[in-house]
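Heads up, there are several structures right after this.
Heads up, the next two complexes both have chain A, just with different partners, chain B and then chain C.
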Partner chain A sequence: MIETQEIETKLLDFLKREVFAPEVLVTSETDLVAAGFDSMSLVRLLLFIETDYGFWIPESEITGDALRNIRALASTIARLINER
Partner chain B sequence: MRGDPQLNGSDYLMLGFDYELRRRGFAGNSCQIVLELGSAISTEALKARLADLVNRYPILRARPGGVFLPKWKSAGHSVIGPQVRVHRDQPDLRQQLADEPLALKRGELLRFDLVQRDGGRMDVVFKWAHTLMDANSAEHFLAVVGRADIPLPATPTTQPLHAGKPLKQRFQLAWKSIHQLDQFCQAAPRSVGVRRPSAPARQKFRVERFSAEETARIRANGARLCGALGAAQYHSAVSMVELHRLHERIGCVSPSYVLPVPVGLRRKGSMEPLFSNQMTMLMTQFLPENLGSTVSAVAIVKSQMAAGLRTGLLESGVVLSELFRFLPLPLYMAMVKQGLRGEICSLFYGDTAAVTPLLTTFFGATIEDFTHIGATTPSPGLGVIFYFYRGLMRVTVFHLENHFSDAEAAGFAAGLRARLLEP
Partner chain C sequence: MNLTELLDTTAARWPKKVALIEESTVVSYAELAQRTLALAAKLQSLGITRGGRIGLAFPNGVGYVALTFALWRVNAVVVPIPMECTEAEIAELAAAMQLEGTLRQKPRGVCMAVAGDCFLTQLAPPSPPDNHGLNLAFIRFTSGTTSARKGVALGHETIRDRVLSANQAFRIGSDDTVIWCLPMAHHFLITIVLYLGAGATIVLARHVLARPFLEAINHWRGTVLYAAPFHFAMLARDNSGATVPSVRLAVSTTCALPAEVAEEFYQHYKIPLVQGLGVIEFGLVSLNTDDPRGRWNSVGRPAGGFRIQINDPDADGCGEVAVTGPGIFDAYVAPWIPREALLCGGWFPTGDIGRLDAEGFLFLLARKTAVINLAGRKVFPEEIEAVINRHPAVRESRVYGKPHAHLGEVVEVEIVLASPDANLDSVRAFCRDHLASYKIPTRFTVVSALPRTAVTGKIRRAAVVA
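Take a look at the complex of A and B:
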């Protein structure tokens, strides 16, 4: 059983390293879209998840709620992994 | 200029398009933003602010030059720098302003035309050379010009977009993009070309405006077909379906259509470096059978975008554009045009998303409306920009008169509007 916290840490690290500018303060609760997260960032994030967890998040799961912040996204990923 | 900052690969591509447009008698690769103000502003205040910014950022009065690598050079004694002019509104003025080229070689990279309108209102027509900065930068720069409370850019000079890897590795990466173009050649795209040789070498534009209710419908359609944050994919798919329908109407169906999708390279939450084009193109190809419906076009956009990122085409495109900077402009443009032994681009497409929320006032005057006007090259001679101002959607459609008639461009714009609302 994979822990949400572990996924959260990985996502946070990826987004800080690859997506957001260093001066942007990103936490697990940062509103991603308000901080500038866009469609291309999303595709890059989906590819990162595919590489690390071996699956592509189905489109039906990519909702406004799931993308609210890193915590919500990590929780969606954890649920999908544990359901597999 | 001290240190002579380099043009990056994307700046150089924009300079190449400028060269190509001027060579064919057009005004060049310059874009415009029009701010409709509720009241007039002081011309002197604008001039003083620009003079201050020019002193701070010498790149604003430079010209593209350099022998082996394109650089920003001081324009010397003949320098013009940013210009400010004042006009009374008249029927043909907007077209005249659009048709006037910037004096790029004399360091005129920016121009402000202040148009006095009835009732004390004023429009600010801001024209800039695309080789200096991209559309998002231009929005932010306008905010910096018009508001004293916006922090000034810290790193205004450009740098190559990609560096650090050994040359051999860079060539290997670049080869991926060339290989992709080779694959596209199996059904090489063909543009309409100069169908109307007697028409003037002039670009025209029209703006499609959407109400709050229409904008909400379009956003909902995008979310339904492309998921959350999928608006840009939806807009590009709709554009390509309507492009194919336009080609059908004029009896010029292409074996395929290529759409270079601009991808922003700035880290999210930052506008640095401001005076630079921070983007690359992700190439997508559509066969006519992919463009029978919006749904089938959306599927192509999504799959090719993911595949492009998965196989490293984004990085490859960046590296390729950086390598191209070593070529002289005429050779570069000849290679771009021959890239597909057909056409490397079937439609100029931009999606600048929401206009920066910093642009609500300009020198204290309320901004009542905002318009982007892009530039397109021969060929394809047709372009679109999608953007949102104060939450309302706008689409600017621009065309070259010797490629498409006004009626054909209007038909394309009407089709776009209808399909965005009813996919």
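Take a look at the complex of A and C:
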């Protein structure tokens, strides 16, 4: 079992470091789209997950709910990993 | 000729028709034309003059469209600057293209306000740009090595010709509503300019997740979709049960359309995805509109007035694709090379390896160059290597595209370290400071030596199979 918290910490670090501008305040509850998350951000995020967790998130799972914030995203990834 | 005539003609014919929708903002053709006039007057008062090259670093929006046409009204040359560029990349672009100024949302350096959210930063190129007497409208900056050709220059007449040619294939008209999701800094001429010239309505979709995109299509009764395979894959795999009965044309662009995405999209929506060969140097060369089912991998037959031939075909008919047609680019900018110098007997070699089938459908098989296509963003290996090689921990590097099932290719790098205890993390951080995010390699691999060609000793670059 992989813990959601572990994924959340990793995602937060990645998104802060490589996706959002330094001046954007990002927490686990930040609304990603409102903070400027766009389609290229999504590509980078999917690649990060593929590189670190070894799978491509199925397109049917890339929903507004899953991308609501980092916590929701981590929860989706944890579920997908634990289902594998 | 000036491209603003296309907008003005539409505005005179259908003044009240909606040109652009951006969230709750709805702009008619008359309002858009008026806005470009006001902005043009302001730009002129700030000293922008005919032939001046101005960088436009703006996000998608009504403002982007209005500023482009306003710059054209004062006969300035628009040089799009993608929003993901770092300051170092913008400085390189500005110097190479001899920009006289940039338009940005936030004030930077010595600048003047054009509007509430638009500032003109004045730059002083070492020498004034020479447009060689051409009526230039647009320069697409293409990065590369110092020896590469940087910048593709297009005149007003050239763009008009390619827009008219492309619309023989797209057949966009005033009844069409285009749902738009691609970055305007990368896609503007045979898309936004074409749609506005045809009197269509453009809906700027704020985000491209499947459900909001489907909601936008159905809310605005979109008739045309123009998006990347990545977007169509998400739509194809949506499980909400939504349909898109208003859509008549769905065009896949930016990178090769995987056949399984095309098939899944067709099974889901009963709309055949069409793809074409669109290149900044030529415009739309071909489009696969003749029932693409069964030949999803083809980029279609020649569009508009284009002709295609295969140079020096092998026994299987494969060779370099050469094209000729209306609206071919005017020149490369740095160094300045006019198109006539590059034409071979009236044909322009594309650098793509392909074949034509018996019915004249073009299939692209590989490229002669090592350029990487990451979900439609072109990445030049030499540019990334030049940055990485500046890091003291790196002796040399080789950047290459690794085929990827969903994105076309991803960027990876092999590095020979200057010393065994050198730190790769600092190389990654260096890349983040100097490269747009999509250019940063996904994987960094340390190797003891790079593969080299036997004859010249240059780093070996395999041709990439599309």
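The rule is simple: the second predicted complex is superposed on the first by the 84 of 84 C-alpha atoms of A that agree within 3 Å, B and C clash if a C-alpha of one lies under 4 Å from a C-alpha of the other, contacts with A are read in each partner's own complex, and residues count from 1 in each chain.
Please note the rule applied: a contact is a pair of C-beta atoms (placed from the backbone, for glycine too) under 8 Å apart; a residue touches a chain by one contact, two chains touch by 3 or more.
In this text the structure is predicted, and so the values were computed from the model without any measurement.
By the touch criterion defined above, A:Ile81 reaches neither chain B nor chain C. Contact with neither chain B nor chain C is seen for A:Leu12 once the two complexes are overlaid on the shared chain. In the superposed pair of complexes, A:Glu23 makes contact with chain B only, with no contact to chain C.
Using the contact criterion defined above for the overlaid structures, shared-chain residue A:Ala35 touches chain B, although it does not reach chain C.
Touched by chain B in one complex and by chain C in the other are residues 19, 33, 38-40, 42-44, 46-47, 59, 62-64, 67 of chain A. Listed in rising order, the residues of chain A touching chain C in the complex are 17-19, 33, 38-40, 42-44, 46-47, 51, 56, 58-60, 62-64, 67. Those residues of chain A that touch chain B in the shared complex are 19-24, 33, 35-44, 46-47, 59, 62-64, 66-67.
Put simply, chain B touches chain A in their complex at residues 223, 226-233, 263-264, 266-270, 272, 305-306, 309-310, 353. Chain C contributes residues 84, 181, 183, 206-212, 230-231, 233-234, 236-239, 374-375, 377, 405-407, 410, 432, 437-438, 440, 442-443 to its touches with chain A in the complex.
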